[in-house]
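Data first, discussion second: the structure below is written as structure tokens.
Chain lettering (A, B, C, D and E) follows the sequence in which the chains are written, and residue indices restart at 1 in each chain.
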Amino acid sequence: MILARFLGPRVWLLVAALLAAAVLVPLSNLWLPADHPLHVPSHIVPLLGKYVCYALLALALDLVWGHVGILSLGHGAFFALGGYAMGMYLMRQIGPRGVYGNPVLPDFMVFLNWGELPWFWHGFDQFWFAALMVVLVPGLLAFVFGWFAFRSRVTGVYLSIITQALTYALLLAFFRNDMGFGGNNGLTDFKDILGFPIQAGTTRAALFAASCVALALGVLLVGAVTRSKLGSLMTAVRDAESRTRFIGWRPEYVKLFAFTVSAVMAGIAGALYVPQVGIINPGEFAPVNSIEVVVWAAIGGRGTILGPVVGALLVASSKSYFTAVAPDTWLFVLGGLFVFVTLFLPRGIIGTIDHGWTGWRERLKASRAAERGAGAPPAAPPQSPGDLPSPAE
Amino acid sequence: MMQQPIEPGPAEPFVSPHPYATQRALERRAKQTADGARRETLLYLDGVTKSFDGFKAINKLSLVLQKGEMRAIIGPNGAGKTTMMDIITGKTKPDSGEVFFRGDVDLTRHDEAAIASLGIGRKFQKPTVFESLDVDENLRLSLAGSRSVFSALRHKRTVEEAAKIEAILATTRLTDKRHRLAADLSHGQKQWLEIGMLLAQDPELLLVDEPVAGMTDAETAETARLLREIAETRSVVVVEHDMHFVRELGVKVTCLHEGSVLSEGTLDHVSADPRVVEVYLGR
Amino acid sequence: MLRQLRLCLALLLAALALAAPAHAQGPDIAAIVAKLGGKISFPDTEAVIAELAATGDPAAERPLRALAAGQLVWRDGDEAVFIATSGAEPTPLLDPVTGADAGTAPKDQLNKIRIKNSIRTAVDDALAGLTLRADDPAMRRRAAENLFAAADPEGIDVLDAALAAETDANVRAVMEQARAAAILKSDRPGADKEAAVTTLTARGDRPALNALTAFAAAAPAGEAQEAAARGAAQIEQTIALWGQAQNIWYGLSLGSVLLLAAIGLAITFGVMGVINMAHGEMVMLGAYTTFVVQEAIRTQVPWLFEWSLAIALPLAFLVSGSVGLVMERGLIRFLYGRPLETLLATFGVSLILQQLVRTIFGPTNREVGNPDWMSGAFQFGQMAITWNRLWIIVFALTVFAALLFALNRTPMGLQMRAVTQNRKMASAMGIRTPFVDAMTFALGSGIAGIAGVALSQIDNVSPDLGGSYIIDSFMVVVFGGVGNLWGTLVGAMTLGIVNKFLEPYAGAVLGKIVVLVLIILFIQKRPRGLFAQKGRFVDA
Amino acid sequence: MLSATNVDLFYGAAQALRGVSIEAKPGQITCVLGRNGVGKTSLMRAVVGQQPIRGGTITLDGQDLKREAPYARARRGIGFVPQGREIFPLLTVKENLQTGFAPLKPKDRTIPPYVFEMFPVLADMLGRRGGDLSGGQQQQLAIGRALVTRPRLLVLDEPTEGIQPSIIKDIGRAIRTLKEQAGLAILLVEQYLDFCRELADQVYVMDRGEVVHAGPAESLDDPAVRRHLTV
Amino acid sequence: QDAAKPTGEPIKVGVLHSLSGTMAISETTLKDVMLMLIEEQNAKGGLLGRPLEPVVVDPASDWPLFAEQMRTLVSSDKVDVVFCCWTSVSRKSILPVAEELNTVVFYPVQYEGEESSKNIFYTGAAPNQQAIPAVDYLMEEGVERWVLEGTDYVYPRTTNKILEAYLQSKGVAPEDIRVNYTPFGFSDWQTEVAAIKEFGSAGKKTAVVSTVNGDANVPFYKELGNQGVAATDIPVVAFSVGEEELAGIDTAPLVGHLAAWNYFMSVDTPENKAFIDKWHAFIKNDKRVTNDPMEAHYIGFNMWVKAVEKAGTTDPDAVIAALPGIEVPNLTGGISKMLPNHHITKPVLIGEINAEGQFDVVYETDGLVEGDAWSDFLPESKMLTADWTDPVNCGNYNTETKTCGGATAPATSN
């Protein structure tokens, strides 16, 4: 298959693994007896689903950061917006089963005196509409934001900081109870999704499978984009944005494309995340959450497709694990991991493996060619691509 | 209401009793004559001025390039040669003055990408290439063709494309560096790669800023030959300090000084100009 | 309401007292004070206070003050009342009326006489009557202010009497104002009221405005009423004007806090290009250094407390600077040329530092005290200026100026800038780049540390201290224009002032959102910040 | 003064220098020539310490420089004018020049007047940011800056690139003066053959990372040597 | 007494409090107090003869992580009870999990009410156990003008809404009420404090009712002190400021400002003295303070112990059934009782800040006040009650329609 060669074996391996997980995990959870060694316990399924959503978010971020060099410190915002769109649907599904029994208004509106449903809540009782909004709201926000920012040639840290300002402003806005999104408490206590009880094992399994499929599609998409000529163009934009203009490209559109696609991916990740964790609240907009996403991508290896996925899975699961087994010291462990990776795996886990492999092959060739070399010099790690130009440059 | 007394303007093209009508008509006529001449040109700069924090880098510069012409630009360091190219390619907006391409395209109203798409290509004084792409990809991105994002996404490699790149690689002697990252090239090799990118872009007007800096004499001669060949079908503006090279090009020379034209003509004519000797060539 | 009644009573009695000068021996103070012994209810306590006030005897002042200060105690058994100024074991006791030494008692035999706000107020009011004749002008003035607030026509006579005896011009003025306020509420003739209106208009503050407005609204139309309305309008105008000044002041002081928080980052990030997520933790370390210094001072050399901040400053610089130095040598230096990786690494460091501090000092707030010169406020026109804010502004500007000088006027500063612009070339010029790098980062961190000393005066000292400033700091540096110290200054002040002008209209939450949106929009207009680095090299 | 023997230099796996040996003596101009990409710049980087070498030795006054950082070499008297100018873009012209004070004793911290004599434009533009200068002006600044450090060995990598003819002549004269009056050792990479022939006492021609010819300036007219310089 | 050493399979107690992030400042203490109580219980012979084993995790002030760890604690660690949370959002986050997995949860912090879950036992104050009595007290003291100052989230919003309705029902004019919200972690209080001063200068006695949360309080009080807002002029009564928060401030300028709680460290009872001594011994620092949520956990833990003993098992259904009606002594000299609505009875105390950073109690309700899940001052909830005992067995029973509202209908176990 041409496509197979085009995308490279690793992408296909990853996609295959994800699809296998999408099938095997639910099967094992639902069919294998609880004491079977391969049984995946019920409480693990949504946990895995959450990591997969995080991985999709990291992949989305990496599309803009790793490939186009836009360090977005506000990707959590798109994730959260997708999540809220889904959350609003789930809230509307509660219907008259809320504590006040109001058939239309969610509980928090009832007890904060909202007379009627605000206009922006209309339509969310329909799944198709909510699904559309999951894509549209983050996508549109990214498009509009990007349209202005990229055309104004806001780049580098300036762009990073305004993306941070964006998510921070949304954080504050969603905190406000007057906004009509449940304030700090957010949306929670969901009952069912598409008519299926949200707490049922089968629903969970299905959501997990859906997350895996979404991630697989995301991987395919990013793989296809980056392997195309657009991929080279993205790299060119990342390296020397202004130079691309002089050969006729419009880097702002390249960025806008990547940014919007990435925001949509993040929104979908958020939408799948919410029913699995059972709550969406403004905390998801917190700037530090977005920074964590950057950290996942960096840990795994920027611009490697596999890297962000691995990074998100690794860091998120370590966080789950260490906050439970080492509640007093897990920050040391996680902080130490970040420091360790930067120092010893300068390209992230996957990036270092990749580089180590090609580097090793080249060194092998070279050492055969030249027998004279004595004592390897401490080769300074070459400037990695996509770095922000330090302000002094 | 009338604010100023009517000036007894030139009576002849009296258009209407309105005080400004005549003035306007005159202006329009003057413009038309200028436009008429302009329309024949490929590149037309008139009265261009650009200052940075009060320093006039370009000062009422006027320069005309005919279609199919190659022009060499010389001039002291800081004369404004690179700034002039910045203005033509849209990198810098002039404070005042006209910059027209193909007669009626006002370049000051277009941005860099639009200008490049119009068919103006540029090689920078300091070689700038896409460092984390390999040589091949650098050229491929520069190849003429659609510049839309979606066409780039759908783009498929073709045989013609490959052939073209092959030819450029041969011309620039980078064939064996084809899959090297551009970052790993030496200074001179980057110069060549940039020339290659310019060839790939295949523009109507080439602006080349110091193409032979850092090249050996033999390479210099080779570059001159290449440019002459290009100039058969394209227009070229070359900036160089290497007089041997300029001589080999054998074209009209313009010498800039302090942002305006100091002298223009054949190389012999220009280099005989005492002012050029004074500020540029030295004794 | 209650208070008004109580004050009336006190005044009435005080008037009597004033009329009948000191030699008239009233009821026995000591006997009244003794009634406070034993478990008594709050209303009973208030009755005792009223009784004390009614004596008009200045000797009542001591027990009243002690009561309000919570120093009055009674002893188990005989229920005798004393003043206990310390909680030592055994506790030394003083006679509540004479202040004479009254021996000691074991701590657990003493019971504090319970008080609450209304008791304090009652004491204040009682003292107001008593202290109109106090020796201390400040006290008389406070008493007069109290009467001004009460604005009770019954008090006019008292004030007249007091005015007759008053020599201090300032106190006189306040007494006259109090009298004027009272007159407006009385049924005195119109001329008196006009004069009162003039006096109050001259006072020109909000209480005066309230008095005038109330009068203008209630009084029948007439000269005085019109004058009051005019006076009120005039005061309102001045107050509005001062309100703007006050807003600017708040803005500057918020700006100076932002400046302090950001200025270290202006070096590590702005100059060096390190995305230093641990910057906030450097600030936090500075604040904790202040805490440790104050603890040491409290336990070892309490008289040095007023100097605690001065001592903490260099130490905070050293502590944060050294941590910065270690960070640079151990981590950052491997990352030059890879600025984005510094985000990852410093984020890790910030987590570690936070948890370290949490482990060492506990997760809760630690108390950092304000020295006296950092406490309280003074009045400047109609503006209240708090000392701590004033000092923080002065301090922030001083730090800024020093840094500006260091960077732009010293050889080391030149080397720092050269190294961060082109490390390789700087080395080739003979600049010891590792040393300069380390020093630059340590300087930025050290400055963050001394910012922590200042911030400890107005904010929580907790492990999260840094986290709450990091976003604002980046915002300020970027808004001002990376790499430009002036940008950081102007950026911080602009954001501070804009914020403070928005806050009264939009509220704090919406105000902040609006500021963020404005930043986003502003960056569209100026993609490289307020003080953009211009020039051809920028995107060449 | 400077001598490099059998220097090997690698970029990752790619070898850029193979057993290169050269020597630069005080009061002499040593010129290195060669086509694009043969390793001239790499050799200069090795000399000033910007690129570690894997084999061979580089000594200054007989002392091995292997463990010396670039700044230490600068303090020993190596002045460097790199290819590509490497101006500090945000520093003013004056500040760019002052960066050369680093290795000097406080009392020596002045800009030698001949810098401005040679490059009058620098005197006119002292307050302008280095990054704003034109290419040729930057090149002049780079040379001036290296001279501020009062080097004993001046390493120049294509110093005439982008400079107008009259100033190239000035630079030639200045280099000669420096060599003759101050007794500097000058190591010069140059593509501009005439310039080289006019100035050089000793020339090295490189090809593919190796020195293929060493000899006096006149030997450049030898067709066998010329062969290495043609395409 | 010398109890038998507990043996057998340990009973696991989940302790779900943030030990890092913004809430660590408050919640870490609660974790410690739980460890102390468990240790003490084990010394007393454990529970049902079995040892208690704490399972501590750190949800890191990350709300979804609360839900995740709740699930892990129950499903994987098999804990029998969870002592959890501080903020309302964290409680909301774990609530569906607790109901799904049928876990017994104790929540120790004052909150906004309007909730009752079969699985959650609210040992902190409902609004009627804190806010209303505090306002009553101030009205007694002659306050006529009110500033309701809060952090912008659900607890202050709801509390203020209840208070507004309540004040207006008491004849306070709307223009005498000023409501203002600030963001979490707000630190620049200059404008706000000045506005309060101005609002208070209108000639009527003014008070501030503060529902300002956690971190924002220290700068708030520092600014109050510096701008010279004295308690005798404009008293501030806070619902979220306890001894722990005051530990970070020099309280000298704040003497007389108030707080309303159900417990103060300064309360002079033998139980409290014993508790404080144990706490100091356990934490090895006799400067550490105690506070209201700690007492709530103390009560909650003892209630749970009693209920398990009564039920003879840790089975959730049995324990949930056993809890209502359980009475245990609180630390202020009374006996608190678990009510059928899963709230408890508590005394309401009002204290004034003193110079030592403690509170002097100036008012105390006559008896204990019953926690009311559904406020009587909100139109949409005044007809709702919660009663988890038969025959009602419903968290939001509508007394008008005599039906049990939607969500919290008796869980059908699956």
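General observations
Just so we're on the same page, a residue touches a chain if its C-beta (ideal position, glycine included) is under 8 Å from a C-beta of that chain, and two chains touch if they have at least 3 such contacts.
Here's who's who by UniProt: A = Urea ABC transporter permease subunit UrtC; B = Urea ABC transporter ATP-binding protein UrtD; C = Urea ABC transporter permease subunit UrtB; D = Urea ABC transporter ATP-binding subunit UrtE.
Everything numeric in this text was worked out from a predicted model, so none of it was measured.
With steps allowed only between chains in touch, the distance from subunit A over to subunit C comes to 1.
The pair with more inter-chain C-beta contacts, choosing from A-B and A-E, is A-E.
Relative to subunit B, the chain whose mean Cα position lies farthest away is E. In this view the innermost chain, defined by its CA centroid being closest to the centroid of all protein CA atoms, is A. Subunit D has its Cα centroid 32 Å from the Cα centroid of subunit B. For the pair subunit D and subunit E, the distance between mean C-alpha positions equals 75 Å.
With centres taken as mean Cα positions, subunit D sits 50 Å from subunit A.
Annotation for subunit C: residues 354-355, 417, 421-422, 467, 483, 509, 512, 533, 536, 540 touch two or more other chains. Residues of subunit B in contact with two or more other chains: 126, 128.
Residues of subunit E in contact with at least two other chains: 19-20, 152, 181, 183.
Within the complex formed with subunit D, the subunit C residues making contact are 411, 414-415, 417-418, 421-422, 424-434, 483, 533, 535-538, 540. Across the complex, subunit A meets subunit C through its residues 71, 148-149, 152-155, 157-158, 161-162, 164-166, 168-169, 172-173, 175-176, 241-242, 287-288, 291, 294-295, 298-299, 328-329, 331-332, 334-339, 341-343, 346, 381, 383-384, 386-388, 390-393. Those residues of subunit D whose C-beta lies close enough to touch subunit B in the complex are 11, 14, 33-37, 41, 83-84, 121, 128, 132-137, 139-140, 158, 161-170, 191-193, 229-231. Note for the complex: subunit A touches subunit E at residues 41-43, 46-47, 50, 94-101, 107-108, 110-113, 172, 175-177, 182-186, 188-191, 199, 277-279, 281, 283, 319-320, 323-324, 327-328, 330-331. Residues of subunit E that touch subunit A in their complex: 19-20, 56-60, 62-65, 67-69, 71-72, 74-76, 87-89, 92-93, 95-97, 100, 114-115, 152-154, 157-158, 161, 181, 183-184, 378, 380-381, 384, 395-396, 398, 403, 405-408.
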